[in-house]
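All chains are identified by letter, namely A, B and C, in their written order; residue positions are counted from 1 within each chain.
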Amino acid sequence: MPESLATHPDRLLPADPGTRRIARSLLERVQDLPIISPHGHVDASVLEKDTPFPDPAALLVTPDHYVTRLIHASGVGMDRLQPDAGAREIWRHFCRAWPLFDGTASGYWLRTQFQTVFGLPGELSAETADASFDAISAKLAEPGFRPRELFKNFNIEVLATTDDPLDDLASHRALAADPSFHGRVLPTFRPDAYVNIAHPSWAANVERLISEASDGGKGYRGYISALENRRRYFVEHGAVSADHGVRTPATLKLDDADAEGLFERALSGTASAQDRDAFEAHMMYQMARMSVEDGLVMTLHPGSFRNHHGPTFEAFGGDTGNDIPFAINYTEAVRPLLQDFGTAKDFHLVLFTLDETVFSRELAPLAGFYPSVYVGAPWWFLDAPDAMLRFRSAVTETAGFSRTSGFIDDTRAFCSIPARHNASRRIEASFLARLVAEHRISEDRAHELIVDVVDTAPRRVFKL
Amino acid sequence: MPESLATHPDRLLPADPGTRRIARSLLERVQDLPIISPHGHVDASVLEKDTPFPDPAALLVTPDHYVTRLIHASGVGMDRLQPDAGAREIWRHFCRAWPLFDGTASGYWLRTQFQTVFGLPGELSAETADASFDAISAKLAEPGFRPRELFKNFNIEVLATTDDPLDDLASHRALAADPSFHGRVLPTFRPDAYVNIAHPSWAANVERLISEASDGGKGYRGYISALENRRRYFVEHGAVSADHGVRTPATLKLDDADAEGLFERALSGTASAQDRDAFEAHMMYQMARMSVEDGLVMTLHPGSFRNHHGPTFEAFGGDTGNDIPFAINYTEAVRPLLQDFGTAKDFHLVLFTLDETVFSRELAPLAGFYPSVYVGAPWWFLDAPDAMLRFRSAVTETAGFSRTSGFIDDTRAFCSIPARHNASRRIEASFLARLVAEHRISEDRAHELIVDVVDTAPRRVFKL
Amino acid sequence: MPESLATHPDRLLPADPGTRRIARSLLERVQDLPIISPHGHVDASVLEKDTPFPDPAALLVTPDHYVTRLIHASGVGMDRLQPDAGAREIWRHFCRAWPLFDGTASGYWLRTQFQTVFGLPGELSAETADASFDAISAKLAEPGFRPRELFKNFNIEVLATTDDPLDDLASHRALAADPSFHGRVLPTFRPDAYVNIAHPSWAANVERLISEASDGGKGYRGYISALENRRRYFVEHGAVSADHGVRTPATLKLDDADAEGLFERALSGTASAQDRDAFEAHMMYQMARMSVEDGLVMTLHPGSFRNHHGPTFEAFGGDTGNDIPFAINYTEAVRPLLQDFGTAKDFHLVLFTLDETVFSRELAPLAGFYPSVYVGAPWWFLDAPDAMLRFRSAVTETAGFSRTSGFIDDTRAFCSIPARHNASRRIEASFLARLVAEHRISEDRAHELIVDVVDTAPRRVFKL
């Protein structure tokens, strides 16, 4: 009987037998280390309340737009993938589309979950859709499948969430105060909806921000002080980073009067597209300044055209699988910020990209000079085996291992976290094993390096 | 005696013995499947008339600007590679330059043809130029080397040609009506010379188009109706796709009045460069609309700077080996079209690129969401072993296998068709074998997938 | 006892045993060939005067901004890496940072030097910093470690330096005239500081150039004639190439009146940023014209944002590790030059890039058509094992081997020259071995090709 793909001990390891032997031994070194997840999208209240997951579709399909997108591409209307379309029906669509996930990162994570978390043997199929739905549903009703129990079994040490600046962080506080919960669940300051003046509710957000959190000041100064205050609140609640999902990597230093002018035009609804770009670029400069002051690691995620298909966005909102990357250029864009803060003490700036071309061309050279800059792990579409190998190949020869951030799972799919981190560890082992096999590093040193990239790097870069 | 390169059973397969064993078995599964060629440049009348090929240079060198370009780069003037320079002389230049083709895709295809089609042992050389010229010439005089006999021996099931919208398609009609000919030779609607207002004969083309094919209307409306009519004519003659060799991937929806204005300025010779771009972008939108209506698959080939070397173009015309790719960006460019037609029922849009960076960054994410979008196979300069592997690696982890078009040979070189398809099958086997060896897909599933990518995908994507 | 990394006979060779066997045999063919270094930054006077190298830090750390940059990124202030910070102190910083170089190209070259040039066993470390400093210092005092003796032991046949157009080339002349020195040390004409009007001393440079070298003419005409005269002087002193470190690959043909206007505006300090770009682009056109006339090979190095971190530049000057690449586009940019000189007899134009994306997209297609164009070897950040393999993979399938320049070490680090060339030979052997193992070229032919790429290509492309 053939070994299952999802549990094969050599999955994702290189085919060459000599290299595989080295990779196995490197993997063994880190396989059981706890999970450090410094950036993701799990909801803290799920862990606080520990309510059972409702059903297989709500757990594994509908919230994961990596998954719904490919079902949609196969011809299933987005309306039939909405939560109100019926969990069992959605699951059937998913099972029918399952063969299309072969070779994809999502397919790999899902298969691993099915087998290692839910004990489903074999592959999904249209024929067994109801059976697999029922099997997973039964599991979800068991106490061992409640979020906190999974959290423990997944061996998660640190899990960062992504939060609105005005979130009261009550769930994080409750979890931190609960002696029965042993993990660290940390908030992350994500001010996009307060910084991007094209966001539909920007003006309302800003008004609420100033009214709830400013030091009494109004207008632009009140806005800046409110952001500073909320960052401080996040720091007090354990946050280690502030995350920025910007359109482009542009940064810009404006004087206060110009910034104020932009801010007022934006509030009055007269800002142009240039104003929007300039304000966002200026705010990234301001966010860096605040990070230098309050110590929050700054992470930057540019280069995604959000909600590319207007009709889908209008009908079903954002995060519906049609955020499409585009080409970016970091070198000139990030310079204004780095001129002033690139060598600032203890400032950490993690630069992510969906455009692979910047890894060797821009990010490795930047991180190889600026003590503040770290190359972010391959993110979104690129957090897959081959893409992760391309990343290490593109970055290492210029910047080594120490200037990279460690793995980021960036996921809403709670049950995929172990599969994702395990896949990443297998790829790190594969990459290092090749360098050992090619006599570029010693096997002893590779054993140190794999612990460094899997465990030490995220702790060091994210100040954990 | 060493196995010849061109006939070695393991050519192009991965070196690792375990992976090679898997690749061999996958290749065996598809090695003898018929050839489906949904895009290429063979002339249908060659098959209709079944006239013998004139000589080795006219068959293998002069019409193939992949071949002449590299001879030219080695220092042979383009004038000495023109048909009137003498077949035997051209062949001698080619034989002298033959060592320069080592490692190139063209070299691989040529070597395969020499050995498997013409039975030439060993390598070409300056010393044996006349002997190889005579040997191939002798073969070409044999009945077995007439186009129809080769077509049958090559095991071609479907061959699409590329045709002018006003072509009467008489050759296609004759072949379809001929009970002694068993393949399908399908026309493809290629309206570039009627859509690109910078084309030297655009105005004359358009005038002829309207006069021959409009529904009686004049001007822009007559032009649109004539294009619709000619597409219908192509559909009636078996066409399955419309192909567009555009400068950039831009698309644009203009209202009729604006489109008409552009059209009139173009006819009167007062259109600007911006007008040219806007009109082409608008016409791609119109072509998508027509494809939604008449079912022709739409293929887009942007990103080549045609006739880069002016003096060569002036002296020897186009297709002289100096079309040079440049960077393109699909994400924003194709959005106007996809807003309106991205989820249209049965619309198929195949996006090709000469800029590899868009595979992982843009095309895989687009095809992974839009049911209409398929990632075109690696095309032109990229239809080579390593480039095809990079393509699969860049695309699969995001979009799987089902969102890709299947292989396109895109060739004028009739005798290279089997070598090209065989090379593609070897690379598909190599890629899948690696995934199997790394326990990312099962070997059974890989046997299904290779049939899918080699045979089912082109039939499905091109509606064959 | 494990084999040392730096001396392992199979270092950098592919892991697959069959491929490695082929690579070993290819490497053996070229391992002992003399070094041809047609582009680098060693100072000719070092060889002329043959003065001992002062200390390990001055030899291996401070002049090499590949090395200082990564130490700086680890948190050591640039002030502590300046020559006046104390050689032993700098060496200690370097030894502490040594583990960060694992996996980098610099680390590989350094490790090789330590072991094969200086006989240091094992790895550097903070603990043994003083011991390794003393050991290398002792070596440097020995006669065998004087520059000329090293030059001989390194088996260097040709070493090109990089020189100011007004350099009197006395060192080159002295070396050429010295019967006791057997290598060829050739000057390279590098006019950046006379061509880039944004250079801080441009006006002063130009004034001096005209006064010292023009044919009596003043202004723009005097400037052009002075450049022509100095090129002639370089040719007379053995120069084979003129090297151009430009911002972008733009080229432009201006008429004399326009060029003169730009030149005058630049001298009067009223030139705009557009003027700067236009003048540089025009001067590249002029440099090509001069190369066609005087035969100097033209090499182009665009795409680096020099001195990215203003404060570091202000405090410590250029070449401090913060030149950061950016995206470039050659296709349109280089067209004006190639229109007029692309097929000029004996013109050689070597195009380098720090943006890998142009290799398959633009450079291979350009070099595959234009007899003048050669694809420059992977340069700066890309002259590392994986990057060199990506280069060959990206270029070969379109342009073969004959259209590439051969390896360029581009180094100021004299003692790294053998390690760099040896690494390059190992990678060429690895790439060719894979093609042999995949039955894409024959092993016999690979033995010819490796001699061609290692030895014949640089001699042919650089007219040596």
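Convention: a contact is a pair of C-beta atoms (placed from the backbone, for glycine too) under 8 Å apart; a residue touches a chain by one contact, two chains touch by 3 or more.
No experiment lies behind these values; they were computed from the predicted model shown.
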item: With subunit B removed from consideration, the chain sets that still hold together; value: one piece
item: Fraction-based call for subunit C against subunit A, same above half, different below; value: different
item: Copy-to-copy rotation for subunit B and subunit C - C-alpha atoms, rounded to a multiple of 5°; value: 120
item: Approximate Å spacing (C-alpha centroids) for the pair subunit A, subunit C; value: 39
item: Sites on subunit C at which at least two other chains make contact; value: 14, 16, 327, 357
item: List of subunit A residues in touch with subunit B within their complex; value: 2-3, 5, 8, 10-17, 69-70, 72-75, 77, 99-105, 107-108, 305, 308-312, 321-327, 354-357, 381-382, 384-387, 390
item: Interface residues, subunit C side, partner subunit B - complex; value: 14, 16, 18-19, 327, 329, 331-332, 335, 338-339, 342-343, 357, 360-362, 364-371, 373, 393-394, 396-403, 434-435, 437-442, 445, 449
